[in-house]
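Next come two complexes built around subunit A: one with subunit B, the other with subunit C.
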Partner chain A sequence: MSAPTLKIDDLKLSFKTWSGTAQVLHGISLHIKKGERVALVGESGSGKSVTARIVLGMLQQLKSARIAGSVEFEGVNLETLKPASRHALRGTRMSMIFQDPTSSLNPVYPIFAQFKEVLERAQPGITNEKAREKAISALADVAINEPDRVLDSYAFQLSGGMNQRVMIAMALANNPALLLADEPGTALDVTVQAQTLKLMSELVKKHHTSVLFISHNLGVVREFADRVYVIYKGNIVEQGPTERLFDDPKHPYTRALLSAVPRITGGGIPDLDDDPGRFTAPLVAHEGYSERELLA
Partner chain B sequence: MIVLIGVSLLIFAIARVIPGDPARIALGPNATAEAVVALRDKLHLNDSFLAQYGYFIADLLRGDLGLSLYTNRPVMADIAQFLPATLELVIVSGIMMVAMGLPLGILSARHRGGWIDHTVRLVTLLGVSAPAFVWAVVLMLVFSYFIRIFPIAGRISDSFSIQTVTGFLLIDTLIAGDFRAFGNTVWHIILPAFALALSGIGQAARLVRSNMVETYDKPFIEMAQAYGFPEKRIARRYAFRPSLIPSLTIIGLDFAAMLGSAFLVEAVYAWPGLSRYGVAVILRKDLNAIVGTVLVISAMFLIVNLIVDLLVSIINPRIRLSQRAS
Partner chain C sequence: MKKTLTILTRNPLSLIGLILVGIVVLSAIFADVITPFPEHVGAVVDFSNFNKPPQWPNIFGTDLVGRDLFTRVVYAYRISLVLGIVVLAIAVPVGVAIGLAAGYLGGWTEYLLMRITDVFLSIPPLVLAMSVMGLLEPTLTNGMIAVTVMWWPWYTRLVYNLARSEKEEGYVLAAEVIGASKAHIMVREILPNCVPSILTKMTLDFGFVILIASSLSFLGLGVQPPTPDLGSMVAEGAKYLPDSWWLTVFPGLAILIAVFGFNLIGDALREILGGDQ
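== the complex of A and B ==
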């Protein structure tokens, strides 16, 4: 059996501040197999986004960050790589999609200039014509009808949904093994978000891309992910297959999280569990879905 | 244009409320009362303020700024003689400001929080915290007196005689094909230009640094890092370019402000420029010359601002595209 695309083992993160050390991740373990779409769900500040940034190696350069534990990518422990070879993975073997597509694109260059920079990561010295050809076909994959017009536009001239498609096209242009999607499209309208996520879903299925889907939007997670990890205050509190986790949440925090979603049928905003002490209860894995069993 | 009319009216009024009789000063203490009255008549000084302004504008439209009472030559001719020296000084300073200020700011922002950043910030703070004439004196003392590397004053050594074509010695020496004279002029201009540029360099560096540091927190920088673009490229295309837009306007203003600071630097280095001329004519209450000088300097100021606005609209796609659309 081949090594999982991503395997995080007992990852700890703390920030050194003037007033002491702030522990952000208390030792989380998760993995994603090839072509698997895994969601990491939790509230703001639970440690979702930092996890993605550690995988890319972007937090390591912060002097105040203390990181322990291991991150393996396609069987290679990333900490053992030289900085240059680790850097070489970014944008080529792993890529990322951000929350707000419009502000994640450079405002002073047209889309094509950035698209070419992304393509250059995999093919240094690619010609303009070749890059344009590739960009056009990548945009066609995300159902953009006028690729030439989009490539010559600036991000601020395009709609949020259009920019989101451009981001998805960029993220998948180099055919990465792992896509980190950090709350993609949270800044967009729900309908636009649904459309673009559907596109993304089809594309990653087609290319067998592994996805770490970071979100607090449970509706989206349910549609999109094969498996779910629920994270609370830097700990994974529950993990399991999407359907079973949603139908039968076992951990008190997961139950609170699911009941916190306002229903479209009305009934007001639900009351939250008033005993957050129970949220820190230990990890509950659904049967057959603990790290040990899955990686066996 | 409207600004220029306002400036001319204002300076015209100010020049006329300064105490002292220009005719009396021009003719000297030994002139007869009749001569003074005659000159006052000739200069329309006995007419109402508005009538005087009317005469002035009528002359100005014919390209005539009147006679200078100090040099006894047309003010236009005086300005044409002194302006190139000032422009040469200010332009060289402006180039120094951009050529040194921007790279320092970029360097500082790329190493934000590190020792390079701290050093640059300290040095540039020194640069902005003293006015140009203080630097002029300090630099002159250090580099022309204690360590005699640079000449102490003037535009060129007396041993060279260069035919005036443009009035810009840096260009005239090249036209004459005299490279030793060119080198000599460069040698002369370095200290005064640097003294004049120092606060601008400091301001440009600090401005670019703070704008870039702010830009470094934008999501598109994180995206560029997540895709592993080279650090240098991120600094140039993702951090510097977007922050150049707000910086450029201020740098343009600084550049125009150098025209003002040039007054004192020219005085220190005995630089035969318009500013020295301006000071001399103000002390002589030479009305026509004062108004002419101020008008020319304001016109320069406006031209620089216009150029900067054009540059900003070229490098800012938002402005460029909205103009095309309308």
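== the complex of A and C ==
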């Protein structure tokens, strides 16, 4: 069996501050196989986004960050890679989509200039015509009707949903093996979010891209992910296949998280049962879905 | 750019600024044509006409050795403008580069660069320029060096603060994620977003550079005679106030017009481009 696209093993992260160290991740393990869509779910500050940053190698540069454990990308331990070869992975083999698409695009350049920069990562010295051709077909994939007009526009001239689709097209333009989606579309309204996620879902299926989907939006996760990891205060507390985890949450925190979602049918904002004692209960893996069983 | 010009001409204050700067720049360029006695720029003596009040053909009067004051004021604009351009052409790139590096790279680079900048900022600008001029010979070139030395830290400060806030923007993060190099992010992503503020400050500063250069020559530390300079003309004439008032008033007004004009345009640009200091 080939190595999983991403394998994180016992990852620990702490930040050194003036008043001692703050432990952020307490040893989390997760993996994503080729073409698999995995969600990492948790509340704000639980350690979702830092995990993505570590995978991209962006926290390692920070002097105050202390990182232990291993991150393997396609069977290669990223820590053993030279900075240059690690740098070469970014934007070509792995890419990322952010929360707010409009601010992720530089306001002083038209979309095409930025698209070309992305394409240049994989093909240095690509010509303008070739880049334009590629960009147009990439934008057609995300259902943009007038690719020429969009390419000549600036980010602030396009709607949020349009920018989000541009970002998705850019992130997938170099056919990466791994896509990190950090709460994509949280800054968008729900209908637009649903549309773009549907597009993204179809595209990653087509390209067999592995996705780490980071979100706090449980509804979106349920539609999008194959498997789910629930993270609470730097610990994975529950993992399993999406259907089973939603139908039969086993960990107290997952249950609380699911009941905290406001219902469209009314009934007020649910009271969140906040009981740190129970929430820190050890990891519950659904049958056949523990790290050991899946990686065997 | 075209739009900016339209807005500039619509606002009465900035229109005045444009007209004043236009007069200054055009008269400096066409000094040979518009002045009646171009030869009076150098060491010319005409004692039959010395110290005359404004009259035809000496509309600004003549100075103490009989040279036409109008001619000398117009030629002095040339020197002031060249000085302003040279000073900003050196101070802005240096200041901006240091500010960008300090703001984006952070860590020890930031600490070192910004503390050095603070050292320069902590000395009163005129005192700093005077001490540089005191060490060097008082010539036009050294005057430019002195003003440049005191000017770059302000751009470092400005760009440093801008870079610090731009650094947190989504597109910088996005560029880092797709593997853009540090140089690329500084020059291609952050810098273009700082340009409006830098341009605004440059326009405002142009007047101040002229003013500070004039202050230096007023103190005898700038351009040396017989080269015409607004500051030294004011200084020279001040000894004969109030009898020979034209010796001071016209060069003084010339400074006022240039500084005022550039400031009006700078203020307007700040509103149009939304740059803040």
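FYI, the second predicted complex is superposed on the first by the 295 of 296 C-alpha atoms of A that agree within 3 Å, B and C clash if a C-alpha of one lies under 4 Å from a C-alpha of the other, contacts with A are read in each partner's own complex, and residues count from 1 in each chain.
Rule of thumb we're sticking to: a residue touches a chain if its C-beta (ideal position, glycine included) is under 8 Å from a C-beta of that chain, and two chains touch if they have at least 3 such contacts.
Computed from a prediction, not measured in an experiment: that's the story for all the values here.
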item: Clash or fit (per the criteria above) of subunit B with subunit C on subunit A; value: clash
item: Which of subunit B and subunit C A:Lys130 touches, first, second, both or neither; value: neither
item: Subunit B versus subunit C as contact partner of A:Ser104, first or second or both or neither; value: both
item: Partner chain in contact with A:Arg121 - subunit B first, subunit C second, else both or neither; value: both
item: Touching partner for A:Thr92 - first (subunit B), second (subunit C), both, neither; value: both
item: First (subunit B), second (subunit C), both or neither touched by A:Lys205; value: neither
item: First (subunit B), second (subunit C), both or neither touched by A:Arg149; value: neither
item: Touched partner set for A:Gln157, first subunit B, second subunit C, both or neither; value: first
item: Touching partner for A:Leu56 - first (subunit B), second (subunit C), both, neither; value: both
item: Of the stretches 9-17, 45-53 or 243-251 belonging to subunit B, the one that collides with subunit C; value: 243-251
item: Set intersection of subunit A contacts, subunit C complex versus subunit B complex; value: 56, 58, 87-92, 95-96, 98-100, 103-109, 117-118, 121, 170
item: Complex contact set, residues of subunit C against subunit A; value: 107, 169-171, 173-180, 189, 192-193, 195
item: Partner subunit A, residues of subunit B touching it in the complex; value: 218-220, 222-229, 233, 237-238, 241-242, 245, 315-318, 321
item: Subunit A residues within the subunit C interface of the complex; value: 56, 58, 63, 87-92, 95-96, 98-100, 102-109, 117-118, 121, 167, 170
item: Contact footprint of subunit B on subunit A as seen in their complex; value: 56, 58, 87-92, 95-96, 98-100, 103-110, 117-118, 121, 154, 156-157, 170
